[in-house]
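Lettered A, B, C and D in written order, each chain numbered from 1.
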Amino acid sequence: MRKVGELLLGGCARMWKSVHRASSGVARRDPLANKMALVTGSTDGIGFAIARRLAQDGAHVVVSSRKQQNVDRAVAALQGEGLSVTGTVCHVGKSEDRERLVATAVNLHGGIDILVSNAAVSPFFGDIMDVTEEMWDKILDVNVKAPALLTKAVVPEMEKRGGGSVVIVSSIAAYIPLPDLGPYSVSKTALVGLTKSLALELAKRNIRVNCLAPGLIKTASSQKISRLGKPEDCAGIVSFLCSEDASYITGETVVVGGGTPSHL
Amino acid sequence: MRKVGELLLGGCARMWKSVHRASSGVARRDPLANKMALVTGSTDGIGFAIARRLAQDGAHVVVSSRKQQNVDRAVAALQGEGLSVTGTVCHVGKSEDRERLVATAVNLHGGIDILVSNAAVSPFFGDIMDVTEEMWDKILDVNVKAPALLTKAVVPEMEKRGGGSVVIVSSIAAYIPLPDLGPYSVSKTALVGLTKSLALELAKRNIRVNCLAPGLIKTASSQKISRLGKPEDCAGIVSFLCSEDASYITGETVVVGGGTPSHL
Amino acid sequence: MRKVGELLLGGCARMWKSVHRASSGVARRDPLANKMALVTGSTDGIGFAIARRLAQDGAHVVVSSRKQQNVDRAVAALQGEGLSVTGTVCHVGKSEDRERLVATAVNLHGGIDILVSNAAVSPFFGDIMDVTEEMWDKILDVNVKAPALLTKAVVPEMEKRGGGSVVIVSSIAAYIPLPDLGPYSVSKTALVGLTKSLALELAKRNIRVNCLAPGLIKTASSQKISRLGKPEDCAGIVSFLCSEDASYITGETVVVGGGTPSHL
Amino acid sequence: MRKVGELLLGGCARMWKSVHRASSGVARRDPLANKMALVTGSTDGIGFAIARRLAQDGAHVVVSSRKQQNVDRAVAALQGEGLSVTGTVCHVGKSEDRERLVATAVNLHGGIDILVSNAAVSPFFGDIMDVTEEMWDKILDVNVKAPALLTKAVVPEMEKRGGGSVVIVSSIAAYIPLPDLGPYSVSKTALVGLTKSLALELAKRNIRVNCLAPGLIKTASSQKISRLGKPEDCAGIVSFLCSEDASYITGETVVVGGGTPSHL
């Protein structure tokens, strides 16, 4: 038996002398400076908090959702905070909307570095025996197919800029299905797989793909949770995953659940 | 069937109006300002990069490892960068060393907010049939028992300050065992469980516990990895997990592996 | 601290005196005696091996796939072995076909106790950037929606008989996405979620739902695999999962991969 | 894009013509005929049910636990059922006991084909802050180190017979830590890693290693569980994993938890 030092094992260990200053200094003060970010489903809730945070961290952000008035309101609110934010209406389930969204972002900002896919259909709440083929179609279309196709549409723009970062918003339901939310849970599980698959396929294009799995507000496991989650709890990790600091993290899902049991 | 809005489901969704500014502004510029951090196994490699980053992000850091000269060198290097760093010798497998480490940190900085447990025994490289009882003892002692007991020793100090954050450094080997590194891999798997268990037990004390699983330098899966990891790749995520931004993330393991296959 | 005996902890521990003979004797000799089983995608490969095994273990089996000649051939082969097997054509992606399949099974055998969902679309092999919306539609329709809807169609028949067992065939690709097989991999990941979700929803109807994840023929990890898999390697576990012996196993995915790295 | 048939993808798919009869016929009637099995912690509860089942399925079984009277009682009970069972006292945490156990089994039956490692220390129930170094030592010694070393001791005997099968009994606590059972949970998580590691190392010796994770008797998730588990619920799967039917399953953990949330 022979010993192997941390050099071989630690994954990324080196002599202390070789430690770079890559992540120190100005870059970290505005970790997303000059980045162009597209966030879907971002005029409210988690998506809004993410868009806001990306802008606070230096990115130019395009927010979007299905209704013009919601887009207008979100843009006004964020611009009112002095953030670089514009907006456009987009139903991610529609091919032409996705194309227009990408074109708008490129026109406004000259390219796309970051995509956060948060748009999802409002889930139906009911016994799995009541779920119709139409419900399955809708939820798989918007929650699974749309993120895949939107990522595909964005990839060429990211390639032009030498790479990029995609974050897909899933849910703790991906790991532990929620009662009476079968198709929603299944679609969120699929997104964990989509993240892994896209990360594998897009690595050669220098595009990282990660996933966020927000927890729940209340469950039987709430005893283990110190407090309920807030939209901002999801925003910091997304900004982090989109920054240089996360440049060696891809294909992963980070659970933001306050200790909710998830995968090991 | 009835619809449930993102309010119920999104985990942390709320009206955009209620979005707090919790994570904006000065706090994020120096996310660990005035925090007192203890990092074991931190005079080299990943641990050193983590200690450095925590200090860059505003923390007062105590570095430690088994040899005085390594501690001296690391402290000199980090102080030379203008960082608030001190150091002390500590063999985490020894009860008296752990106690002295905690006492030193408390004396120097008045308390402990952050513990990063990185110290680990140099693994033996060999067929599982060559692993002796003594090797098992040593690796379980230092890699599993010591982090558990060091955390236990630190908890009362964190409680005095109203809470804290623990990050345990595991390895991708926790998920995919490395050939000829059986006991090392098993010890790293145990740390994923220890993280979950500590997170559950310490939530009521407002202490979060998360885990880092650095990837490997080269494996059969290197085709999927855009580049090899560096110590700094592990530093940003640890600082993030110790910051307010991660206040709803506990019990989780984040893989920093460049796309290495891990758990789903 | 107090000790808790295996009675509390072991999950199912009891005094040895109370050990039942539930699984001994005749039942185990023909573990699926008098059970009515429906297996889709079963005229070839894994599905055929499963159908054959269920019949050898005592079940009356209805095989099906998209082409009449394949059904005829499989039925002839299995009947030639003295097995109780009939067959019908079914394209699981078509609502009317699913209904006819269930009706046929009920007419032939008076009910359904077991459903093995193996039918899947032939995957497209190519870069994720070449995947069209039509390909996503097809693969999600047949691989995800169809198993969900077929299970829904079968549930009332199982309820009439007091319960039942569903096994969904996924793939190791559910856990580790295969290069150039993105949508296939995503659909197989979704099936792991579907299994969890159906198990949760159908427990109250005394229906168990489990999943099979067959491994690959050759991969970089083949060094760890003693040999390549055969269809029969997948058949025994399915018969087991459908038997009384597995009456406390539901919502689980069993990987049949010869040691291929999968989830922890 | 080109299609790939199930031949490439299905993991083990082949033309129906090539389907072997490997698992049909007599072998399956007595799937463990002439196998020599060693089961630790088997005079009560889950271990007893497993020992009984292996014997019912044709194996010659050596039961063991720490007390002679428990061994005597279990042997008498099983012999009274006409099963081929002998017994010996063994404290698996003691090196000499492990060696004697292996020697006894070899003397009695001429070799060992199957090892089921079930012995575990009675867990301490209490807050993680009350766990002493001695408790950690004891639980890691008996629950983690002993299975590793016992497997090591058995491997040469299995090699003489051309291979073998090891099943390690873990717990659902491996995945979701139990409150106030920290060290127990951590030790059970470690066993999932040990299973993966041993499977990897022992594949070249034609020895498969799998893991069983029994669920709990009652938890907050009991709503999802149709009934409470019994020892026999754990016995069938162990016999299956030790049989030829499972010859392509290694490194896996099967949860027997009635739908308890576990890993995805």
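Definition applied: a contact is a pair of C-beta atoms (placed from the backbone, for glycine too) under 8 Å apart; a residue touches a chain by one contact, two chains touch by 3 or more.
For reference, the UniProt names are A, B, C, D = Dehydrogenase/reductase SDR family member 4.
In this text the structure is predicted, and so the values were computed from the model without any measurement.
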item	value
Shared interface partners, meaning chains that touch chain B and chain C	A, D
Chain pair with more C-beta contacts, B-D versus C-D	C-D
Proportion of interface numbers common to chain A and chain B (over half same, under half different)	same
Intercentroid distance (Cα basis), chain D paired with chain B, Å	33
Cα-centroid distance, chain C relative to chain D, in whole angstrom	24
Where chain B touches two or more other chains, by residue	174, 176, 189, 192-193, 196, 200, 263-264
Chain A residues within the chain D interface of the complex	174-176, 189, 192, 220-221, 223, 261, 263-264
For the chain C and chain D complex, residues of the former touching the latter	1-16, 19-20, 22-24, 28-29, 43-46, 48-49, 52-53, 56-57, 73-74, 77, 122-126, 130, 135, 171-172, 181, 184, 192-193, 196, 199-200, 203-204, 206, 214-217, 224-237, 240, 243-259, 261-264
Touch list for chain C against partner chain A, complex	95, 127-129, 131, 133, 136-137, 140, 144-145, 148-149, 152, 155, 174, 176-177, 179-180, 182-183, 185-190, 192-194, 196-198, 200-202, 263-264
